[in-house]
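Alright, structures below, take your time with them.
Shared chain: chain A. Partners: chain B in the first complex, chain C in the second.
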Partner chain A sequence: MKRALTRIAPPVVTFVVGVLLAEWLIRALDVSPLILPRPSAVWAAATGEAASLLPALGATAQAVLIGLALSSTLGVAAAVALAASPWIQRAFYPYAIFFQIVPIVAIAPLLVIWFGYGPRAVVAAALVVSIFPVIANTLAGLLSVDPALRDLFRLYGASGFATLWKLRLPWALPYLLTGLRIAAGLAVIGAIVGEFVGGGGLGVLVLGAMRQQRTDLVFAAVAYASLLGLALFAAVGLASRIALRHWHASETER
Partner chain B sequence: MRTRGLALAGWLLVACAEDDSKLTLALNWKPEPEFGGIFEAERSGAFEKRGLALERTGGPGAPVVQMVTAGQVSFGIASADEVVLARDRGGDVVAVFATYQTSPQGLMTHAARGLASLEALLEAKGTLAVEPGLPYVKWLEKRYGFGALQVVPYTYSIAPFLNDPTLSQQVFVTAEPIAARRAGADPQVFLVADSGYDPYTAVVITRGETLRSRPAQVKALVEALREGWRGYLDDPAPANARMGPLNPEMDAEAFGLGAEAQERLIEVANGALGQMSEERWATLAQQLSELGLLAKPPQPAASYFVNP
Partner chain C sequence: MGRGVAFALEGVHRSFRSEAEGEVVALAGIDLAVAAGAFVALLGPSGCGKSTLLRLVAGLDRPERGVVRGIERGPGGASATRARSEGAARAESGTAPVAMVFQDAHLLPWRDVLANAALPLELLGLPAAERRRLAEETLVQVGLADALRRHPGELSGGMRMRVSLARALVTRPRLLLLDEPFAALDELTRMALDDELRRLWRAAGITVLFVTHSIAEAAYLAERVVVLSRRPARVVLDHALALPAERTAALRAEPGFARELGVLHEALRRGAALA
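After this line comes the complex of A and B, so read on.
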């Protein structure tokens, strides 16, 4: 109980103080609500417009989850392939970096032309921005296997598959989970940018609110998106605890 | 076509900083025939001879209404419905000159579909690409219903239109239809104004405070704009030649065609260019209110505009 308190209290205090400070500053400086809405106005929009925000959040969350599922499967597969030989790595890794630097805003309209309007383009955008951290981290894990253990496997004549399944992948798991934490936030951004052009979800809601000068609703939608990101981050953290608590230093020594 | 974009964050914390001697005018798009009169007034010295030093700023994605509200720029280009919305949200913006007396907003579809009216277009099965949240789209939906239409975001490119024979999209009659025709399509355009929703468009806005503190300057600006637009309507070529290099996506022919297409939307039968009527503003505010876009009751029509 005390541990939970020491963990939860600091961010909650930061939040409350930050919100109160913003509310006071915006009132004191008499900033137009068109330019910067007060936190209380954002709260009113977040609750009052829940009927449109919640379905939009649902649509975005669905695209994010599918995108993340795809980027973790494809990302791990790509990392395994890249780890297979230094030659493959040299030949293809530079192109994997493409996914990290791709300006998603610029290629999003193309995703619509390739995948059509709707959720598929949105999932594709989430996938494109979130796959690189999975590839890069998993690859780093696969390549950093303890040489002594690798030798041990070789000594016992373990097959390539057995080495991969019983040694390299478990070894890479903590790395993969770190990659997923980064990917989770990115996937939310990717999905919303995808929705700007593909339609649906919080992305379209933000554009509409912006066009109708509902700055309060824009911020409310951003808050919903942040909550989605936080929830995903927490979910990955939980998965990480469950998967690693019995054997990995990152989760056992807390 | 005219997005406020994502640049909001950048403007958030900038305090009011207005210098009296220098005037700034924020455009909401690239130089196009839509702004012809402004460039003509610059070219002919209409601003200069009234002692106005006007600097153009803004562009695609500029949050013009917010910039004007914050006092970052003295004037900006917006549409009348944006003025009504901004005032409803507590922004003190006022219209002083209305370029388009008839809104140039329309929906473009392929002529081969043989659709006879806006209503037929909206009833037919197909895709409609429009910016999310546009008041006139809401108006059309309420007026005609969207039937089997799939509504998707417009991404400021006519490529999807060219590729999809069942796609319709929003346009400025001065721009996209001309580009589509020259790209080999056979577009058919219906003006939204014909459906009864007709906000003044490419309206010059300023802050109420500017209007009160510097009425002579505002009046001089409007007179200069009027002179510029008169000149542009008589001969758009010189101003087009100035805008051309600033917007390489449009060539001289496209500028000429755009200027020709907009003439009847700007010209007035009697009275002065750019003047606005209380009745039109009242109708617009009432329409926006009925669409549920206003949080408060409409303001008196006279609070939205002045004819300096």
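After this line comes the complex of A and C, so read on.
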């Protein structure tokens, strides 16, 4: 309990002091609310406009979750396929890197052309930006399986499927979870960029607020999106701790 | 497999291609026959090809020249590489001819002690209840009756090694291969496990091939010590130890033991000077 407090207290204090300082500075320097609204104004927008912010958050969260579910299943499947042979890896891995370097802003319109306006394009955008860390990390895990354990499985005549299911996938789990933690943050970015073009969610709300020069509402929407990313990050962290609770400390620090 | 020879290597040659050193000859014409029920220690300097030899005997690797005989030829015995085709026959008994213990415990960290020890039976396709019963029985034998539900991360190095030993013994193998199994443990734990292994060997009547680079451990454990030279490995000395079957800590202080240590030491030195 005391340890939890000493970990949580410093960032909370930083946040409170920072908010108070911003509030005072913006008032003292008389900054236009169009440029930089006071934290109290952002808070007022975040609570006052909750009726439009919450459904938008819901839509974005849904797209992010579906996108993440798809990128983790497809990413793991791709990693398993890539790990099957060094030749497959050499032939296809360079193209998997495409997902990492592709500028999502540039291909979001393409996704709208393919999937139409609406949530499907948004899910696709979240998927495209979040799949690479899943593929890369899972692949690293699958390839790092202890050679002695491979020998052991061979010694008892384990089939390829048994080796995958009982050795290689569980072995890669800590790696996958690390990839998923990175993917969670990226999926939120992908979904919001997707919404800029494909419509819906917090992305559209940000655009609308910008056109109405409601900078306070833009900030409020950004805060909601950040909280979504934070919540996902924490959820993956919690899942890791539960899934890896038996692993030795040295084995989880990857 | 009955009496006679457990396995034999005839003119076995194995080399590897390494990035740094090019062609590396690990084994250069090894001849070695081991009688069923024997406890043989394979003594040699680090990196001399002892592990390579062990993997060849296990059927995990093939020699470039020469033959590995034994385990795969025995009546009813399946070679490790042919294990799958005969899996059905062995699934009923849950036995495998060869088992291996590695330098570290190499357990699955996500499985508890019981499930780790039962892994070979699971891979052989034994029903769950049967697996559990046999694994529990074996874990009791190695003194882990109270740790069945604990996970490797919660165990000491010595206990993890005991689980590893149980995992090897659970299939009631005829040949047990150990690759410097206790090298990473502290001296006291190591001696305790040495005694345990001797006891298990005498009780089960299996053949043991024990790889080590410790002269004292080889002399204390084995009936026969084969000393290998530096890479490329050749047999420098094949020596039957003149020591009593009953091995206790007191043996280490006896002149007969010291004499055997001297013989092995001399052979190791000769092996290091070769090549």
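By our rule, the second predicted complex is superposed on the first by the 248 of 254 C-alpha atoms of A that agree within 3 Å, B and C clash if a C-alpha of one lies under 4 Å from a C-alpha of the other, contacts with A are read in each partner's own complex, and residues count from 1 in each chain.
Basically, a residue touches a chain if its C-beta (ideal position, glycine included) is under 8 Å from a C-beta of that chain, and two chains touch if they have at least 3 such contacts.
As the structure is a prediction and not an experimental result, all values here were calculated from the model.
Peer 1: Once the two structures are overlaid on chain A, check if chain B and chain C clash or fit side by side.
Peer 2: Fit.
Peer 1: Tell me which partner A:247 touches in the superposition: chain B (first), chain C (second), both or neither.
Peer 2: Touch status of A:247: second partner only.
Peer 1: Is A:237 in contact with chain B, with chain C, with both, or with neither (first, second, both, neither)?
Peer 2: In the superposed model, A:237 contacts neither chain B nor chain C.
Peer 1: For the overlay on chain A, what angle lies at chain A between chain B and chain C, C-alpha centres, nearest 10°?
Peer 2: 160
Peer 1: In the superposed arrangement, does A:157 touch chain B (first), chain C (second), both or neither?
Peer 2: So A:157 only meets chain C here.
Peer 1: Between chain B and chain C, whom does A:48 touch in the aligned arrangement: first, second, both, or neither?
Peer 2: Neither chain B nor chain C is touched by A:48.
Peer 1: Just to be sure I read the superposition right, which of the two partners does A:229 touch: chain B = first, chain C = second, or both, or neither?
Peer 2: Touch status of A:229: no partner.
Peer 1: Between chain B and chain C, what minimal C-alpha to C-alpha distance in angstrom results from the superposition?
Peer 2: Checking C-alpha atoms only, chain B sits 46 Å from chain C at its nearest point.
Peer 1: Residue by residue on chain A, keep only those touching chain B in one complex and chain C in the other, then list them.
Peer 2: The overlap between the chain B and chain C interfaces on chain A is empty, containing no residue.
Peer 1: Under the touch definition given earlier, write down the residues of chain C that touch chain A in their complex.
Peer 2: Residues of chain C touching chain A: 55, 58-60, 78, 80-81, 83-84, 87, 96, 98-100, 102-104, 106, 108-110, 112, 119-120, 122-124, 151-154, 171.
Peer 1: Which of the residues in chain A come into contact with chain B in the complex?
Peer 2: Of all residues in chain A, those touching chain B are 32-36, 108-109, 112-113, 117-118, 195-199, 204-205, 207-215, 218.
Peer 1: Within the complex, which stretch of chain A touches chain C?
Peer 2: 146, 148-149, 151-159, 162, 166-167, 170, 173, 244, 246-249, 251
Peer 1: Given the complex with chain A, which residues does chain B contribute to the contact?
Peer 2: That would be residues 3-6, 8, 11-13, 65-66, 69-70, 82, 85-86, 89-92, 127, 131-135, 150-153, 155, 157, 159-160, 163, 293 of chain B.
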